Amino acid sequence: MTPSFGNIYCHRLSHINVDECGAPEFYTGGAKLVNLNGIDGKITAEELNNSIGGKGIVHHTQPSSVSITQLSETGEAYNLDEIKNISEVAHKHKLNIHMDGARFANALVSLNCSPAEMTWKSGIDVLSFGATKNGCLAAEAIIFFKPELVGNLPFLMKRAGHLLSKMSFVSAQLDAYISNDVWIKNAKHANAMGKKLSQGLEKHKNIKIAYPTDANEVFVKIPKDIIDQLNSEGYTINDDEWDGNAVRLVTAWNTDPTDIDTFLNYIKS
Amino acid sequence: MTPSFGNIYCHRLSHINVDECGAPEFYTGGAKLVNLNGIDGKITAEELNNSIGGKGIVHHTQPSSVSITQLSETGEAYNLDEIKNISEVAHKHKLNIHMDGARFANALVSLNCSPAEMTWKSGIDVLSFGATKNGCLAAEAIIFFKPELVGNLPFLMKRAGHLLSKMSFVSAQLDAYISNDVWIKNAKHANAMGKKLSQGLEKHKNIKIAYPTDANEVFVKIPKDIIDQLNSEGYTINDDEWDGNAVRLVTAWNTDPTDIDTFLNYIKS
Amino acid sequence: MTPSFGNIYCHRLSHINVDECGAPEFYTGGAKLVNLNGIDGKITAEELNNSIGGKGIVHHTQPSSVSITQLSETGEAYNLDEIKNISEVAHKHKLNIHMDGARFANALVSLNCSPAEMTWKSGIDVLSFGATKNGCLAAEAIIFFKPELVGNLPFLMKRAGHLLSKMSFVSAQLDAYISNDVWIKNAKHANAMGKKLSQGLEKHKNIKIAYPTDANEVFVKIPKDIIDQLNSEGYTINDDEWDGNAVRLVTAWNTDPTDIDTFLNYIKS
Amino acid sequence: MTPSFGNIYCHRLSHINVDECGAPEFYTGGAKLVNLNGIDGKITAEELNNSIGGKGIVHHTQPSSVSITQLSETGEAYNLDEIKNISEVAHKHKLNIHMDGARFANALVSLNCSPAEMTWKSGIDVLSFGATKNGCLAAEAIIFFKPELVGNLPFLMKRAGHLLSKMSFVSAQLDAYISNDVWIKNAKHANAMGKKLSQGLEKHKNIKIAYPTDANEVFVKIPKDIIDQLNSEGYTINDDEWDGNAVRLVTAWNTDPTDIDTFLNYIKS
């Protein structure tokens, strides 16, 4: 979707921009990630529209694709209208739009809609369908809603060492994952635990929820002394995380609610 | 100087960032250009210092080098203290610092110092020594002040098609260029013409000089009706240039002062 | 070990040359695989020595590394003297030497020596330690015998998408694999089955063993009518495999000896 | 024409294979140059046809393009039938065919045909039109006979630093070069000088012409004592050149026939 001389428009905090050690640049052969500020962790259709330029001019890298993260980097879910508006801007400029769905199931449960509604019906062209954060191990899939975008991907995968010997044993997880609503049940549990944790924390007068808790990620501003206390109790809290001003807490498909109670009790005391 | 997973810190308006169609990304194998806002077209030591982070963490691209443009993108020259302060920050973080000297001679004449003072004595490690903008054709040189940085450059040049057959005929220009102060004389003339043009324009009540005219580039905000008039007189003024709010006028080693008078007369009338 | 302008010396039939869709070229940024003819599937120290040239001349890609496959591409194991002789030539020319050990355990059992003897004690600098072909799933390790060669590998791995989320669940297999001699037992069984198969086949007057069966790979020249018959019995024999003139049969850690008897009976009848 | 996972079929002695420090690998992002032995310095349609395989199989790099050099690496010109036969094989397999025309004019004069006949009328899809070896400096052109192959070349050129500032001053040479048959006159002279040199050398009983002298390159096997004598007379003869068993002598557009006489006299004496 993005040639070596292309621009990928994404949020400045996006995982592809800050947490992949430059993987998109590597795999495109040197494309440029154009950073958008967005609102909290979500880009806006308007800023995207204003950022696209230079098309056809040989001196400039060329607008090529847009990537949004669902759940976004601040734990918020793009709603369907937001996705549609961003897709419309992308398509108006002939760009393709990718959804980084590392936490796809958690966002889906949060929006209470169908996978189709959250993706191709809202204009998404390609989805990274993450399963690892929701119960699988080392299993992800790329789903193309525009088959013509597949192109030479099989050759590129193979030559990158991503066609593994005995890979069917890894892929088999995805069969189980999407059968019998396992993935939905897992995400529902994780999100419920996120809500429980968020609601417990917001009662504390010195703690401030940094962004709305839409799913299973809770971003909170916690005073240094409480962080120190928690670390001394055996927790490992990295206060240097993310956007520099909030701590990220993540609940999972297998989070035990009593562990949340214990955590909240430590803070209260 | 910059590995494929490295960060190059540069001004957001810098030529390497916006006008090379991604050449630094191409030649590094996908490094990331970290955009600094700076003040006007110059980066500041402080913003640079605050931007460097993530060292040693495998998830993040790694701080590797700094690039400044002398003349900067807004026609201003970094003074020696500014260069020294930026170099100090770079070296404190173990980064190498590159000077993009496409208009090196014009900056040098503007500062009225020696080439050594403007480069290695102020901490610069590598210089792109441009000659094309000051009278040569297709001739540039890379000058390493730290010989250990040369590394495999000869092989990389050859394999990129930048070791030309009969290249000595091109390189020979540089001999003439730096002999008998040809380069200094050329730049002095261009800068004098820049000053003449700038001073003529600032007298016009509807025209505003956008940035200080330190050398041979004059950035001016010109009302649309004057631009239209000039274009109808046979000039070609691109009002979509650069930072989006100023027109760039450039004088050269061979600019005829009467052409400036003619231009200024058109505007007055 | 190999810069973008480097030469990797390897057998013309080697997996890295013909079966990785150009992965070594991709990850080096465009190095050249110099094909050696060798004897059967093994390169020789002499041919390697004669092939290395052009050092320091900017027009030529530069000798950088050697890669041998143990088991080799024809199922033969390099003996310790062969490995030592090749390593000596590599080191004499300042090249590093890599062992592709996709079937490391099978070769080890075949030579009846220690892992150290087959690697660093014979001059090997880096080993790809394969486990997938001997009972693991999607698990491999890179082992550096010269720690200074590790270099920036962690960053390169991350940026290539080879640092997986939840990767410890994959890596854990290697703990079990090398505990209690599991890997040796698996390889011994596979090799025993290879020997049984090879000995059964060589009794057949129209079948010719193409290369010595040193471990668990049997290369045989089988007449077309026997291949057709086997395929009609439910086997899937690809007669277009490998070097174009032999069929490759592979036994595994879990091969049932009765399956070999059944197979041999089909051929006899 | 060649994706990163593509095969480029070329002669093992071809300049793109041995004298560009891996430039084709660099610019394709890691394609593979498949070496053909050919007859002397020319590939044959038959060997090409036999070498193409693996299409569509994800494990193998994919047949993509063919490159021939006209003049070939041994100074011989492909005749029109040879070019047509090779093009036909290329096109039968859906490959594009490139002609490396560093010495295009010399070959053209040798064949005494039109540029169209030697290129697109014989099936050539893309031509590197060299001018530097025939009187220009640093000037070459890429000529596409299939416009749809141009693709993103302007962006790739720019980002590789091959769109030079003031490049029109370089390109202007080509206007003069192809006007008034300058290029043909230059090549005719160079070829005539080549013939004179070749005919003079073949009279010497201890010297053997290695390949037919079709144009301005003469390959000769010269005994070591004659080489030593010539070098002591002030010539610089590199006896380690090319295919390892012949010395290459090249005449040019400006070769003075008396210099050839002088050279031949030294040998006779």
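Per-chain numbering from 1; labels A, B, C and D assigned in written order.
Methods note: a residue touches a chain if its C-beta (ideal position, glycine included) is under 8 Å from a C-beta of that chain, and two chains touch if they have at least 3 such contacts.
Fair warning: this is a prediction, and the values are worked out from it, not measured in the lab.
Shared contact partners of subunit A and subunit B comprise C, D. The greatest centre-to-centre gap from subunit C, using C-alpha centroids, is found for B.
Bringing subunit A onto subunit C by least-squares fit of CA atoms involves turning it by 180°, to the nearest 5. Averaging Cα coordinates per chain places subunit B and subunit D 39 Å apart. If each chain is reduced to the centroid of its CA atoms, subunit A and subunit D end up 52 Å from each other. Multi-chain contact residues, meaning those touching two or more other chains, occur in subunit D at positions 4-5, 20-22, 25-26, 29-30, 58-59, 155, 158-159. The touch graph of these protein chains is complete, with an edge between every pair of chains. Considering their complex, residues 4-5, 18-22, 25-26, 28-33, 35, 58-61 of subunit D touch subunit C.
Touching subunit A in their complex are the following residues of subunit D: 3-5, 29-30, 58-59, 62, 152, 154-159, 163. Contact residues on subunit D toward subunit B in their complex (touch as defined above): 20-23, 25-27, 132-133, 136-138, 155, 158-162, 164-167, 169-170.
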